[in-house]
Amino acid sequence: MRILYFGWVRTNIGLGEEEISLPPHVENVEDLIGFLRDQGNGYRAAFENIKAVRVAVDQEMAGMETPLSGSREVALFPPMTGG
Amino acid sequence: MRILYFGWVRTNIGLGEEEISLPPHVENVEDLIGFLRDQGNGYRAAFENIKAVRVAVDQEMAGMETPLSGSREVALFPPMTGG
Amino acid sequence: MIRVQQEDFDAGQEIGAISARNFEVGGVASFIGLVRGANEKSQITAMTLEHYPGMTEKILSGLEAEARTRWRLEDLLIIHRYGRMTPGEQIVLVITASAHREDALQSCQFLIDRLKIGAPFWKKEETPVGSHWVDTKAEDDKASERWQK
Amino acid sequence: MIRVQQEDFDAGQEIGAISARNFEVGGVASFIGLVRGANEKSQITAMTLEHYPGMTEKILSGLEAEARTRWRLEDLLIIHRYGRMTPGEQIVLVITASAHREDALQSCQFLIDRLKIGAPFWKKEETPVGSHWVDTKAEDDKASERWQK
């Protein structure tokens, strides 16, 4: 699965994009973040406060419960600051 | 006193501006309109519905009771349609 | 700044000039009013705007002062034309610039709402069947009233 | 129409083009967001806007569609830049055109309010003492919420 990072999620992790083969127990967004958090210090820092993290699954805004089966792309990022 | 007309007040009366020596009994705006109404058909048409007429005395919005003594200029016109 | 003039204006240039001038500006709001080719009832072939020279400038300056008191503005421009115009021509331009977008947007709406019924302009429309003075709209009164403090 | 681009834009020309195009247009509202030279806390030397290619276009198109449903619009343009910009540079342009000024003004405010917290852009400010990601402001959340139906 393609995982994208933006804003300070990206700068904490140190990369903008990666391809990850998810283990079978990762069924939804919350599982994914739990899995990523164990991938190293940068990941731990990025996901320390999950309330501050927003998620899009296949470019649609999603929640912690959103299932990932069949999805191609998940993006994790801080609240948006456009305009 | 200088009297100015705008909008359909002007087109009814047929002129945009005139200099009038007011008789002594004309003390406020209401008196002035009553006086003007007797100056001919165009004036009567212009001031037939006084509620539709707005007044400025020396370029400040005024009411029917506004006194005219000491004023140099009175303008009579329909509700404004700017913008 | 206010300008009352017969000539057309270059809205784009005015907006560009204001947004380029000042590094404190975070947002520039603008509104351009134009002559439409038709209203709800009929086709419009031309529109003539009459105004009250002297009082117009006074009222517009008063609106500028009020907007600058109510909102934090870095810049403000009102251009209002008078005379005869045809459909597609620009009548009025309002530009407000502020550090904060909300101040720019609110003051721009305030100014155009107030101009509609509070500045001494009168519109006469020409249609294929004759010409007539434009009436005030009830919605314009309401739009202006919401700014009453 | 929406455009997401790195290059600067000519706001004046875009506004002029929209107001000139259509005789049904009675009012054109616009908003330009610019990089300020300072915020409440410090001087800003530059700002970088990161975005999510693909999703950005999707969100902006969705906002365009929603605005066109809620208001009677003749035309609508959103240009949003990404990349590094210095103070005074333009970030975003919203233009709305309608037969009626209220529709133009309201939809313009709606779009910029929604863009602020609903489009996948992230701002990083550079200051003399380092760079930092910009936080969402509580007032921006409130501004967007008022458009909830």
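The letters A, B, C and D name the chains in turn, as written, and every chain counts its residues from 1.
By definition in this document, contacts are C-beta pairs under 8 Å (C-beta built on N, C-alpha and C of every residue); 3 or more make two chains touch, one makes a residue touch a chain.
Here the structure is a predicted model, which means the values were calculated and not measured.
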Of all the other chains, whose mean CA position lies farthest from chain C?
A
Whole-angstrom distance, CA centroid of chain B to CA centroid of chain D, is 48
Between chain B and chain C, what is the gap in Å from one C-alpha centre to the other?
26
How far is the middle of chain C from the middle of chain D, if each middle is the mean of its Cα atoms, in Å?
23
Using the touch definition from the top, which residues of chain A touch two or more other chains?
83
Multi-chain contact residues (two or more partners), chain C
33, 101, 112
Topology of the chain contact graph, where touching chains are joined (line, ring, star, complete, other):
line
Of all possible chain pairs, which ones touch?
A-D, B-C, C-D
In their complex, what parts of chain D are in touch with chain C?
10-16, 19-20, 23-38, 87-88, 90, 99, 101-102, 104-105, 108-109, 112, 139, 143
Residues of chain C touching chain B in the complex:
33, 49-52, 54-55, 58, 80, 91-92, 112, 115-124, 133-136
Which part of chain B faces chain C closely enough to touch in the complex?
4, 6-8, 10-11, 56, 59, 75, 77-83
